[in-house]
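Listed next: structures, encoded as structure tokens.
What follows is a pair of complexes built around chain A, which joins chain B in one and chain C in the other.
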Partner chain A sequence: MLRAAVDAGADAVYCGFQNATNARNFTGLNFTSEELHSSVAYAHAHGAKVLLALNSFASAGRFPLWKEAADCGARIGVDAFIVADIGVAACIAHHHPHCRLHLSVQAGASSPEAINFYCCEFGIRRAVLPRILTIPEIRQLKAEIPCEIETFVFGNHGLMVEGRCSLTNYAVGISTNMDGACSPPSKVRYDRDSAGAVIASLGSHVIDRFAPDEQAGYPTICKGRYCTAARPEPFYAFEEPISLNLMEMLPALAAVGVDALKIEGRQRSRAYVGNVVGGFRKAIDAVAAGRAPDLIDLLALTEGQKQTQGAFMTKKWR
Partner chain B sequence: MAAKLTLGPILFHWDADAKRDFYARIADESPIDTVYLGEVVCSKRTPFFDSHLPEVVERLERGGKTVVFSSLTEVVLNRERKMTTDLCVAGDHNIEINNAAGLIATKGRPHRIGPMMNVYNEETMVHLAGHGANHFSLPPELPGTVVELMAQRARPLDVAIEVQAFGRVPLAISARCFHARAHRRSKDECQFVCGEDPDGLTLTTLENERFLVINGVQTLSHGYLNLAAEIEDLLARGVTHVRLMPHRTDMVAVSTIFADRLAGRSTGAEAMSRLAAFGIGPFINGFWHGIAGHQYHDARGPVAA
Partner chain C sequence: MKHVTTKRLPPIPAVCLLPVQPLLKRIVKRIILDHPTIFDRLGPYKQCSYVIDAGRLPFLLLLRPDPLNPRLRALTRGPAHPCDARITGSCAQLARMADGCGDGDALFFSRDIHITGNLDAVVCLRNAIDDLDGSIMDSIWGMLRGPGKLLGQPARRRYHRRAATWA
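Our next item is the complex of A and B:
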């Protein structure tokens, strides 16, 4: 997967260890230290960087796991650590003062004051911005902070403040913040009812029901359909299953000073990563050369076959 | 030192008269030691109550309560940044910070850290204590075993450890208003529809499970956290402050039940049976026991709420 991204033209690839130290703690997804070592060698040989995600929250008693992961990453020579936990940031800033630190979206820093706190305290060099800011808000924010900024351009369109959500732990007893897993596959169940509809559940909770002719989605709590007294017919109470795609907005993002563009890829297939990264690589190079980007059709890859420019265009969705 | 009883900020959009009457009763009749005031969920709601705050503070202090101002949880807009900074630079009152946006302005001065600040480990606590944080309200999803480790480290630092023991549990926050969305409105055109649901609006699953509650931009548990039966465990693990979250039920009575527990005047079973008569619930306590938060764990084992 890392190789697919590097081969398709990614400048940097995020990765994590196979444990709770990163926010994508899913089976088969992450690296052993040996795998990380060879991946860093591959990336570096091809001019790409490797950023190690240590962006979950270390609960008391488990802190050594995060410390060891940081030590291992530093030994292997990753190009930066991406962190959210103040304690983890402090630990890396203290023990590995020469390593670059990036602030994860999981830190929930969505104002200049919050980002400046992390910059002052830990020398954060880049902040990944939450997916809830408009382009004018990004421009204003960039002017008030000393570090680089990175924005999501393709993938999940998440509207919950990241790093502040314990819905999964409430539903099934696995914490997104502490265990690094939102809606873990081990708790997902699909059943078919007598009418042929697919019922998608997380633990004992029904998150959605899909008619026989509907494509069944993954049961993430904030993407489910529910009812309320105010609106008794099932509706997406939080958000529609929709993908973020900002390819058309690349010139605007470049103009407001976005330093890096982030594509979600770690829970995706190799083909997906290759297609999306390759498409964005061409579009970015076109924008950099002053040409209009050739907008390739990524619709087929998006969740629910719908896409959005999300918060970035307007505040109306709020 | 005996553990203290605190009242967290009102999370819901009650009208100004309801809040004033509520705090008047708390001031005059409740055994609560510390009251947290301020809008922590939605910055649009603040104008409704700001002008009443001085009177409420005066009444609470006259009733012997310590008053703490809580800051907003999500800080994005310029008005939210200003609210946070104004609160944090004014040095004449106790403050509880719920967003990192308040940390620079309070550096070097005593302050409290709220439950939305993601203090999950001792290293984070030590770092923030070095900046003047002297009181930590821990995230409600932390199990008792982790709280105990935090409290052990808190003691030599001389910082307080607070844990929510009653009320619906904040689970998520968003930039989008779900209350407005449920009424087919946008946040800018919400007409404060969240005010219609003083304890939140229940979301049921497609199989009719009452699952979650929405409160403007916030999502909470449908069940009411109730650690009345675990008070000895909280104290044994080093909790110094026990937080009750305001609901429309009789909070003077609820606080009296918890005060009786803290003072050793009643048993967990007695408190639970008194609370069962309030017609609220179901009660949940899963997070404290390290299981799914929506569950209630009792001596017979985990029971689905």
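Our next item is the complex of A and C:
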């Protein structure tokens, strides 16, 4: 998958180890240390960087797992670590002072005060911004911090306060933030009823029912439809199944000083990575050359086959 | 699952599947030969049984991705076969996924594929297949010899032409 992203034109690729040290801890995904070693070599040979995600929170008694992951990443020669936990950040800053540190969106830092704290204390070189800021807010923020900024441009709409969401933990006792798995597939169930509808459940909680020809979404509590006494008809209580797509806003993002653009892809297929990264590569090159970006149709790869510019355009997206 | 308008071929009795079994055995062995790491990522699910219901095929496929004793068998339609997970979709969509040309999440959102049973095992299998370099379909095409290879060339070219346009 890393090769697919590099081949499609990514300048840098995020990856993680096969354990709870990153926020995509899913079975069959991620890298062994040997795989990471060869992947870093491949990326570097093609002029791309590898950023190691250590962006979950190290709970008491488990810290050695994060330290070993950081030591291994440093040995292999990854280009940066992306962190959220202040303990992990401090550990890397102390033991590997030559390595770049990036602040994960999992840290939920959206104010100059918060980002400046991480820069001052741990030497953070880049902050990934939560997807709740408008373009004018990003411009203002950029003027008040000393580090690079990175924004999401495609993937999950992501309006929950990242790094603080406990919905999965509430439902099945597994923490998104400390175990690295939001709606772990081992706890998800799909059942078909006699009418052909699909019922999605997480643990013992029914989170949605999709009619036979209705688009489906991810089986996360935040994307579910619920009935309440006040609203007996099913409704989206938190978010809707919809994807962020900021391809049209690339010139505006460049104008306010965004340094890097992030595409979600660590849980998606080679086809998705190739198409989305390749499409954004062409669009970014066009913007850099002073041309209008060629907008390609990525609707088929969006959640629920719907897309939005979310809070980047307006905070009244719903 | 979307309502499929194409007709399924009539179910085949078990005895008629006997000639298919050695071919399927050769296919899975060839795939492992060409992609020796394909099942390394399956971890706890190497002993799982996946039933694959490929739309118009008159039979089901049973996959047990044990690297030491891999099995791909044809099963009759009709009786409920015990399995850990069942994956349902059209032949074309499942071939796209197996080849890394189709995005499993997008096919799931659009209801072109349907999954029941152990979702973790299915996601793990998807991740293992997506991690491959190269093409599973090319491995299968590569098994054809003589007239079969000659006759299969147009279908192979058509598949690659279409695959180039798939998102």
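Basically, the second predicted complex is superposed on the first by the 314 of 318 C-alpha atoms of A that agree within 3 Å, B and C clash if a C-alpha of one lies under 4 Å from a C-alpha of the other, contacts with A are read in each partner's own complex, and residues count from 1 in each chain.
Simple rule for what comes next: a residue touches a chain if its C-beta (ideal position, glycine included) is under 8 Å from a C-beta of that chain, and two chains touch if they have at least 3 such contacts.
Only a predicted model underlies this, so the values are computations on that prediction, with no experimental measurement involved.
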Give one of first, second, both or neither to describe whether A:H95 is in contact with chain B, with chain C, with both, or with none. neither
Does chain B (first) or chain C (second) touch A:C227, or do both, or does neither? first
Which partner chains sit in contact with A:R3 here, chain B, chain C, both or neither? Use first/second/both/neither. second
Taking the superposition on A as described, I'd like to know which of chain B and chain C A:S269 touches: first, second, both or neither. second
Under the stated touch criterion, which partner chain does A:H46 make contact with: chain B (first), chain C (second), both, or neither? neither
Given the touch rule stated above, what does A:R75 touch, chain B (first), chain C (second), both, or neither? neither
Winner on chain A touched-residue count between chain B and chain C: chain B
Considering only touches as defined above, state whether A:S204 meets chain B (first), chain C (second), both or neither. first
Mind working out whether A:R164 is in touch with chain B, chain C, both or neither, as first, second, both or neither? first
Show me the residue ranges of chain A that touch chain C in the complex, using the header's touch definition. 1, 3, 26-29, 184-186, 188-192, 196, 198, 210, 212-218, 241, 267-272, 275, 298, 300-305
State the interface residues of chain B toward chain A in the complex, per the touch definition above. 73-76, 80-81, 84-85, 99-105, 116, 118-128, 139-142, 145-146, 149-150, 153, 169, 171-178, 181-184, 186-188, 201-207, 209, 211-212, 214, 219, 221, 286-287, 290-295, 304
In the complex with chain A, residue positions of chain C that touch it: 1-3, 41-45, 96-97, 100-106, 108-111, 114-116, 118-120, 122-128, 130-131, 133, 166-167
Complex contact set, residues of chain A against chain B: 57-63, 84-88, 90-91, 107-114, 116-118, 120-121, 130, 132-133, 137, 159-161, 163-167, 169-173, 175, 177-178, 199, 203-209, 221-222, 224-231, 234-235, 237-239, 311, 315-318
